[in-house]
Amino acid sequence: MKEKILAADNLVLKRLFNLDSNTYEDGALNAATKEMLGLVASMVLRCDDCVKYHLEKCYDLGITKAQVFEVFAVANIVGGTIVIPHTRRAVEFWEALESQQ
Amino acid sequence: MKEKILAADNLVLKRLFNLDSNTYEDGALNAATKEMLGLVASMVLRCDDCVKYHLEKCYDLGITKAQVFEVFAVANIVGGTIVIPHTRRAVEFWEALESQQ
Amino acid sequence: MKEKILAADNLVLKRLFNLDSNTYEDGALNAATKEMLGLVASMVLRCDDCVKYHLEKCYDLGITKAQVFEVFAVANIVGGTIVIPHTRRAVEFWEALESQQ
Amino acid sequence: MKEKILAADNLVLKRLFNLDSNTYEDGALNAATKEMLGLVASMVLRCDDCVKYHLEKCYDLGITKAQVFEVFAVANIVGGTIVIPHTRRAVEFWEALESQQ
Amino acid sequence: MKEKILAADNLVLKRLFNLDSNTYEDGALNAATKEMLGLVASMVLRCDDCVKYHLEKCYDLGITKAQVFEVFAVANIVGGTIVIPHTRRAVEFWEALESQQ
Amino acid sequence: MKEKILAADNLVLKRLFNLDSNTYEDGALNAATKEMLGLVASMVLRCDDCVKYHLEKCYDLGITKAQVFEVFAVANIVGGTIVIPHTRRAVEFWEALESQQ
């Protein structure tokens, strides 16, 4: 997703994208927890592309369906029913991840 | 829209969706007024799916075109020109509702 | 609130403020309904000053306590628990309006 | 925070507040993880009162300073520098929690 | 974009749209600077249609690619990684503008 | 503002803060233009602390009162009347900057 942006050689954007990758690495919190943090933040800010990105990471890191739905629940309670359409698309994407095995 | 989400059997999401339905029932304010409240809130938060949902309810409850445009006006004044693209899509959806009779 | 801003003689801001006043006048919807629309929009966008402004108008136009709480309910359902602190301050302001009679 | 709101006996608000408490209980994810999810969501939505509420819960559930700063990092990367002032206030509140022991 | 909305003859919306045009005219700041202001505001508020609108104006007013990427950089730093998907689409639209000559 | 946050030695936050400073340096756009971009972004995202930060930079870089009010006009048109209270506080802060000479 970031390739075309990086091609333009803007230093601030390049460094921000590097930093973005660093943010979700294992640290005091493990990567799976951090991806769930990124997921819930993306949901309440209602960015479908960001939700998909973090959902895929969560899936790869072994987050279960019951766990990811609890992340959805926090997002819907904090962010309100305005988050429902994004939740529906997130569920569809999660099912696509499960079925592609 | 909510079926797949409900199928996952997350209690918080189930209850939130029930509560969502209760919110717009006749009470101290009538259902039509509440649907207009839901509509303007959805517009300033810029959720097209939510806007459509409330527009259809408004239409079914007898809100006139002149009235719904006054809701749009409040949304655009409070939320700014950032709401214009959502207003355009809302107008198109309203016209689709009118023409399907 | 707008005096100092108007003093600077910026034409766009002046016209926007005039337009803002026109928005809430009786029309296809009455002023009380429009003030409730402004209130719920202000709550989900979480602007305490705007909430107070519309609450005072609602109070002056005869909206009852039960009605204003139904506006709060829509705001909290659509906007989520993030709206709760603003609701608390709105309730305190409403009580101040009631007690100043 | 919610007492005055509850006193008004609005059923939707009452149920939403109950649901809010349920959301953060141990489940497929433990309570500490859920409070961190609530914290990061509150930070990117920039609600200081909500941030304090979840910070206190995180503190009580044994989240360490290094961990909470990683939550702050996710919030600032996802939500941008607009989150910095809220992070500063969050750090001050966290220090107050640590020093009150 | 605004024609169907204008057809409905809502005075507030008409005046807001006129005002919107006035806002970006040469004044104490020149039109190119104002379009960049409109662009960065649209990016942090994450409205793709608005971003395209201002990008086209920026392009027509002679803003260079290096300059527009610095606008993108400010948007991504202030608004966070949530702005990345909108930046990607903005880059694609900018390239389309360049190639259509 | 950032000292206490930096003291905690979180690498992502440290780098983000460095990057934040780099963003507003002279480049393809000059620093004054970039500070106005940061200002309008902060206004539509309604962060008073961020608004003050960029206002002070704008003032130091020689932006005139007429120019800064055109930035305010863009912010209010794009972001709506919800930006008015922040504009009022911005005007007060600008006057404080002018009077402290």
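By written order: A, B, C, D, E and F. Residues from 1 in each chain.
By definition in this document, a residue touches a chain if its C-beta (ideal position, glycine included) is under 8 Å from a C-beta of that chain, and two chains touch if they have at least 3 such contacts.
Values in this document were obtained by computation on a predicted structure and should not be read as measured data.
> Applying the touch definition from the top, give me the chains sitting in contact with each of chain C and chain D.
Common neighbours, chain C/chain D: A, B, E, F.
> Quick check: superposing chain A onto chain B on C-alpha atoms, how many degrees is the rotation, to the nearest 5?
120
> Can you check which chain pair, A-C or B-E, has more C-beta pairs in contact?
Result: the pair with more contacts is B-E.
> Determine the centre-to-centre distance between chain C and chain E, using the mean Cα coordinates as centres, and give it in whole Å.
29
> Could you grab the centroid distance between chain D and chain E? Build each centroid from C-alpha atoms only and quote it in angstrom.
The computed centroid separation for chain D versus chain E comes out at 35 Å.
> On chain E, where are the residues touching two or more other chains?
If we look for residues of chain E contacting two or more partner chains, we find 12, 16, 19-20, 23, 41-42, 44-45, 50, 66, 69-70, 73, 76-79, 81-82.
> Hey, how would you classify the chain contact layout here, line, ring, star, complete or other?
Per interface graph, the chains form a complete graph.
> Flag every residue of chain A that touches chain D in the complex, lowest number first.
19-20, 23-24, 27-29, 33-34, 36-38, 40-45, 50, 64, 66-67, 69-71, 73-75, 77-79
> Would you mind writing out the residues of chain F in touch with chain B in their complex?
Residues 44, 76-83.
> List the residues on chain D that touch chain C in their complex, please.
Listed in rising order, the residues of chain D that touch chain C are 1-2, 4-5, 8, 10, 12-13, 16-17, 20, 41-42, 45, 47, 49-50.
> Within their complex, state which residues of chain D touch chain B.
Residues 11-12, 15-16, 19, 22-23.
> How about chain C: which of its residues touch chain D in the complex?
These residues of chain C touch chain D: 46, 65-66, 69-70, 72-73, 76-77, 81-82, 84-85, 87-88, 91-92, 95.
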